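Naming follows writing order (A, B, C and D), and every chain is counted from residue 1.
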Amino acid sequence: MQLDVLYFAWVRERIGIAKEQVSTDARTVADLVKELSAREERYQVAFQDMTVVKVAVDQVLVSLETPLGRAKEVAFFPPMTGG
Amino acid sequence: MQLDVLYFAWVRERIGIAKEQVSTDARTVADLVKELSAREERYQVAFQDMTVVKVAVDQVLVSLETPLGRAKEVAFFPPMTGG
Amino acid sequence: MSISVQSDDFDLGAEVAALADGNGDIGAVVTFVGLVRDTTGGALLSMELEHYPGMTEQALAEIELAATKRWSLSASRVIHRYGNLKTGEQIMMVATASPHRKDAFEAAEFLMDYLKTDAPFWKKEHFKDSTKWVDSKADDDAAKDRWS
Amino acid sequence: MSISVQSDDFDLGAEVAALADGNGDIGAVVTFVGLVRDTTGGALLSMELEHYPGMTEQALAEIELAATKRWSLSASRVIHRYGNLKTGEQIMMVATASPHRKDAFEAAEFLMDYLKTDAPFWKKEHFKDSTKWVDSKADDDAAKDRWS
């Protein structure tokens, strides 16, 4: 499966890029996080405490256990601070 | 005692004037209401239901039982509808 | 803290800008604007606003002071108009500025609840061949009572 | 119902006027304006607002729709800026218009509480020789939870 993976705010800064294409067989968001973290240290640093990382699949907030299904876009970011 | 007595909104319309000078020995607001009501019917009409008439003595909201003391200005009006 | 009772209209944006100007500690401004509402669906010709000069300013100042004591407010503003207004015209505004949104929201609601019951304004609706003094609402007393 | 995500500033007075225009049934408009706040007493150079284009608009539209279902709203407006802003600049606004003030107040608070936790915006403070991502607040989750 081909995914667009997006990073925002300090997640983006730690990983060093805003967007990348990822080929993966990850079943859930948690699987994808594990896979990326195993890849390079910068991912491991960004994802070390997933209680402060939020996830959106196809622009909808989801939990780590959410299956990726036919997702096209996954985004990781800190809790929001707008307003 | 010389008092400026003011009327607002439908109290003013029923009594027919916005302001008058009243010479009175009334001890409380209630006494003044009784005195005015005895004077002419238009006062009696305006004051017939004192649960819907509010009173201010020297521009401060008070109850009917409030002594007039050294008051200079007494005002009668309906419940407020500003805002 | 600032109060105006006036017949002229006001510019909400300019009032809020003036409130926040030069105070870097303000993070939140809440405003309420009251507009002339036509509940008859088109029959209202105008709304007449009467007030009690002198007492009005004093009552508003007391309400504003009470809000300032209760919440962390950096600034506040109350403007209330009198005279003849048309449907859709601005009747009044309150604005509250605070470091935090909770204070700004609560203080604005408090100002409105007290203004409704304690500030000596009266509204009269003018129709083609009749007039009607707007009734006060039991709701308004209930809204005020929640703060005590 | 209308949403804008933009780098440009906005004119609060004009937005409120447009919201109420031509609708004689609106008696109350509540607005919230968020401003760039300098909590350091002068050291803040600028506040950078980042967002997630696409998701932002979708999230704001959902929040606005939820408010519309829950309260009697005649109109509402949400504007949120992104980019680099200076101390005192307007970051965002919500406005709610209703026949009644209670609906307008509650809906505005609801919009703000959900916007804080569900709309993908992030703030970064820039100082002379450092930067800091603004932390989210546990308070904000609590504020949102009171509506459920």
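Just so we're on the same page, contacts are C-beta pairs under 8 Å (C-beta built on N, C-alpha and C of every residue); 3 or more make two chains touch, one makes a residue touch a chain.
Everything numeric in this text was worked out from a predicted model, so none of it was measured.
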Give the label of the chain whose average Cα location is farthest from that of chain C. A
Whole-Å gap separating chain A and chain B, where each centre is the average of the chain's CA atoms: 72
Between the Cα centroids of chain B and chain D the separation in whole angstrom comes to 48
Report, in whole Å, the distance between the mean C-alpha point of chain C and the mean C-alpha point of chain D. 22
Taking the mean of the C-alpha atoms as each chain's centre, how many Å separate chain A from chain D? 26
Which chain C residues reach two or more other chains? 34, 101, 112
Mind pulling the residue numbers of chain A that touch at least two other chains? 83
Throw together a list of every chain pair that touches. A-D, B-C, C-D
Using the touch definition up top, name the residues of chain B that touch chain C in the complex. 6, 8-10, 56, 59-61, 75, 77-83
Touching residues on chain C, where the partner in the complex is chain D: 11-14, 16, 20-39, 41-42, 44, 87-88, 99, 101-102, 104-105, 108-109, 112, 143
In the complex formed with chain B, which residues of chain C make contact? 34, 49-52, 54-55, 58-59, 80, 91-92, 112, 115-124, 133-136
